[in-house]
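Two complexes, one shared chain (chain A), two partners (chain B, chain C).
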Partner chain A sequence: MTAPLLDVVRLKKHYPLPGGMFRRGPGSVVHAVEDVSFQVPSGGTLGLIGESGCGKSTTAKLLLRLEDVSDGAIRFDGTEVQRATGPQLRAYRRNVQAVFQDPYSSLSPRRRIGDAIAEPLIAAGELTKEQISERVAELLRVVGLREDAANLYPHEFSGGQRQRIAIARGIALRPRLVILDEPVSALDVSIRAQILNLLQDLQERYGLSYLLISHDLDIVSHMCTDVVVMYLGRVVEAGSMKAVRRSPQHPYTKALFSSVLPAHPDRRPERIKLLGPLPSPINPPSGCVFRTRCPHAQAICAEQVPASVDTGVSRAACHFATPAAVS
Partner chain B sequence: MTGEIALPNRGAAWPRVVKWASGLQRLPWLAILMIAPVLIFGVFGPWIWPHDPALIDLANTKQPPAWLDGGDWSHLLGTDSFGRDLFSTLIDGARVTLIVAVVGTLGSALIGVTIGLVAGFYGGRVDALLMQLADVKMSIPATLLIILLGGAIGAGLATIVISIVVLFWASFARVIRGQTLTLRERGYVSLARVANCSDYWIITRHILPNLLGTCIVLITIQLGRAIVTEAGISFLGLGVQPPDSAWGLMVSQGRTFLATAWWIPAFPGLAITLTCLGSNLLGDWLRDALDARASLL
Partner chain C sequence: MSKADAMAAKVLPLMPEPTPSEPLVEVRDLRIQLRSRDGARLLNVVNGVSFPLHRGRTLGIVGESGCGKSTTALALMGLLPGSARVAGGQVQFAGENLLAKSEKEMRELRGAKISMIFQDPMVALDPLFTIGDQLAEPLERHLKLSGAALRERQVSLLQAVSIPSPETRLGQYPHQMSGGMLQRVVGAIAIACNPALLIADEPTTALDPTAQAQFLDLLARLRDTYQLALIVVTHDFGVTARLCDDVLVMYAGSVVERGPVREIFDHPRHPYTQALLAAIPQAQEDRQGRLRTIEGQPPDLARLPQGCAFAPRCPNVRPKCHELPPPLREMGDGHVASCWRAGEV
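Moving on to the complex of A and B:
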């Protein structure tokens, strides 16, 4: 396998909670992202899935350097960027762009669409005014909007159209990696397929790599070559999409996939229901973080943090995952 | 690639004149009616007033308004204890009111918005320091501050303007800081950072334009407060000095005649009330008009 475009190694993000007379004592920390490692292959799509609050979006913010990394490394094309500043950071952001979930918040209500799309190009300072307006027109065409849309304001567009504009802006700099943070979650189901197809077309056309963050298993299955499953800030399972979907190894992944409605109503697999609430990331359970809701939990799960095991299908962080036979 | 997606059509069915007329109808006429006199009197006073406002006529002191017994149509609102025409002094006073309200409010807006913007945008220690400063300011009683400033600078127009700036900046700073905090977290600000935009670019292109509505509303509301504060300062004797006139000063000097010649303090008092009310009404209307959709501005 060729070197990954983005290599994330044991990434951590801790938010210290303020101490104080009526607060929790000092030392309370929210473990938003804990030891997360994954790779985005060049030209491929990596899916990052997990339920709300598992640290998916925090991971995206860390990768975009919108939040400071507590520990760990982010390597982009072999260069460490987790502490990059100044020109290094600029160079990194030149190649990594993003599309966010909420198309209503992604566009400033008082700026014309053309200005919004041109913004990364202006900031990069590589093109003349004429070249920029040409590029904006081209981008609008590429995402399926009319060129004269450039003169309109965001409130004159629907959610789907706005997301197309956000995508046009995201690819304006011809980045190598686009971080898609729940790109279709805010859209109507009927629009989702259009946007996903657009994203796939653009990937082929420009050779983009995607990191697709979603809680929707169908979308991730449809779009991704590889998948990373997160639970409470940690990676519980990672592997190729096909293999993980066919035979998930971690109990959490099993439960997750059993919740998807099958294509055929008679072939409904046994539904695994998770009991109890999601534990607090301030006081995560000892040992395996999933043990409080895991149907297979044993004594060992509370004592030791499970190591990531290569099961032959994927890498799963579970004490009971069976390692692949050593050949 | 997929076909083109239909764009919204900007409705152009109505001719422009009709649209313009229907827009006129929605203006806050009551508020405009209350504020317009101050603007007109303040700017064109010397061409409007029927008598020289400083002209003392001791033969005609405390003459009642024209429609009362003993009134005279040459002195519409009557005369004060020195025989000066009340209507003319009122027009003269509008100038001070206008200068103080506009300069004082804009000055405090400029300082307050800058401080609030910097505090909200950069956060951390800068924010803590600036907001502590605002808290300190808010904990000092206004009257005390005015008297202190009056003592330090001396009475006059400058004192009123400076007092208003010192008194009002914190209200701007607080509100703008709060707004900036929410705007800072918007997707388009994060995306601008990802696009390598500078802080200056983000503040001027993304934060400030979205604060504009709030600023305008705050300014109109503070205008009303400024007028009342000006009256208060003049009433305390720290504002403009006779023979110049200001509404607060007129109320202050006229209050001794409340029993014998009520019109001397009543008309300037009424002028203060109406102008303040008008500016508050305008602020309310602007808030609603700007809130609904960005199309108005």
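Moving on to the complex of A and C:
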């Protein structure tokens, strides 16, 4: 087995709550990311899934070094980068790029597309002007746009084309890992398919690794080699995509996949309904954070944080997960 | 009847049902033009949409963005933008043509007999008012409720949409609730005055899978309990499969295909429908498998091709397709398709 490209170890992000009208007492914080560990395999795609507010985007921001970690380690290619500064941070940032849901918000309306794509190349300061415009033309071709698109403005493109532009910008510096946060959520089915195919082509061509955040579990299943399931800031299950989809081990993962709508009226899987509301990340439940909505919760679930158990299928953080038989 | 159904049934008396054989809604050859936002061009946004809809039944309207789904829905609500012109057709609702009604008459119907739910619950909700105030508005306006009767109805409506501790929730503001919960509040407002027709435009697009599944359950339950005629506008075939009896597929403002949901999924006749279905990533598909795509882009609505609007992108195109628009042809069992080659096997 090859070493993982990215190794995330017990990552934490706590946001202190501001004082004032809604003060909830000193020291109260949002537990946005709590003890999160996972690995992105080299050349693979890791899916990060879970309901809104479970900490997916915060995790992405920590990995992109847009926010500082509260605790834990981020190892990229064997080197710790969570506190890197100066040239080391710059080198890391070249290697780890991002594509977000809404390319419109990340493209300035008054800047030509060519300039937007050139921006990271100019900032890197390694290429001449001619080399940069050649590279921009090449990138446009690679993502399936015409070279003369460089002279146009964002509003002259459709949503799918803008996402292609964002991808071109994301891969401009030849990164090794691209973080995709809901990259196709705003797109129509057929355009979505084009972008997903493009992402797979680029992965093959450049040996890219992806971290894919999406609430569309069919897309995650289609794209990912591995998956991490988060709930209220914590990882509840992680493993190979195929295995987890076929046989989820954690009760939350089971409920999550059971809510996927099959694309046929005659396929109606049994849905597992979660009890009650999603608790607040300011006061997460003691022990297992999922226990307040879990159909199988027992006394122990309120007392101890469950350790992650190797079930043979995946690793699941549940007191009642069955460990794999030792062979 | 489940507890929730019983609860919901208690809320409202049913509107007397018309003879079941007669559709509640009958849209005939609806045509709408819109002036483009820069004012320079006239867009043919809806080009001859027809469908019947009975009470207790659900029609899904699917198609890529910009194909005219929302404009069709807004025409039924009498909420077309000022730049719109109805170029032809009828919207029959309980025997009357809504397109012939005045704005005043439509205001009486909207929120009372016809309601609509939008993708973003905050379109319908005002952040400055409590949930209770917002629920009270249609009840006071259309049903003239007040005092204890109003309060009782507010509470039972929140119960009908499965919102726990309704008394507490009535005093809360939108920001105190999750997206899924807010969409259910919008659902409660939409059914407040016992409508016969409910239109939901991408109602779950902004929700998580778990919240989405719950909200679709709710819509199905409300439809069954109140015998609502339900129109669901969506680009998600999963939503269609879950909820709809019939499906209407739109392309560039035209109906390319319409029929019973199983027919559409199992025997799609139009190449556009076939392509859309093939583009969905399926769970069981191999990771390496590439998704099917539809090359090209929808046509400019200001200059539609003279033949079939899909012809420039169609894999099965024939010379005739570029010359004449194909009529909607009966395929049997209420399944119609507008393709010159739909009859071929």
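Quick notes on this structure:
The rule is short, and it goes like this: the second predicted complex is superposed on the first by the 317 of 327 C-alpha atoms of A that agree within 3 Å, B and C clash if a C-alpha of one lies under 4 Å from a C-alpha of the other, contacts with A are read in each partner's own complex, and residues count from 1 in each chain.
The criterion applied here is as follows: a contact is a pair of C-beta atoms (placed from the backbone, for glycine too) under 8 Å apart; a residue touches a chain by one contact, two chains touch by 3 or more.
Model, not experiment: these values are computed from the prediction.
In the superposition on chain A, A:142 contacts chain B only, with no contact to chain C.
Of the two partner chains, neither chain B nor chain C is touched by A:8.
By the touch criterion defined above, A:64 reaches chain B but does not reach chain C.
When the two structures are aligned on the shared chain, A:317 is found in touch with neither chain B nor chain C. Once chain A of one complex is fitted onto chain A of the other, the partner contacts of A:208 are absent, as it touches neither chain B nor chain C. Once the two complexes are overlaid on the shared chain, A:262 sits against chain C while remaining clear of chain B.
In the superposed model, A:194 makes contact with both chain B and chain C.
In the superposition on chain A, contact of A:223 is made with chain C only, not with chain B. Once the two complexes are overlaid on chain A, the chain A residues touched by chain B in the first and by chain C in the second are 194, 197. Across the interface of their complex, chain A is touched by residues 64-65, 164, 178-179, 181, 208-214, 216, 235-239, 241-242, 244, 261-262, 265, 275-277, 279-283, 285, 287, 289-294, 297 of chain C. The residues of chain A lying in touch with chain C in their complex are 51-52, 158-159, 188-194, 196-197, 200, 215-219, 221-225, 241-242, 245, 255-256, 259-267, 271, 273-274, 276-278.
Within the complex, the chain A residues that touch chain B are 61, 64, 66, 90, 93-94, 96-98, 100, 102, 105-111, 116, 119-120, 123-124, 141-142, 144-146, 148-149, 152-153, 155-157, 161, 164, 166, 169, 173, 194, 197-198, 201. Residue ranges on chain B touching chain A, taken from their complex, read 1-5, 7-8, 10, 186-188, 190-198, 201, 205-206, 209-210, 212, 293-295.
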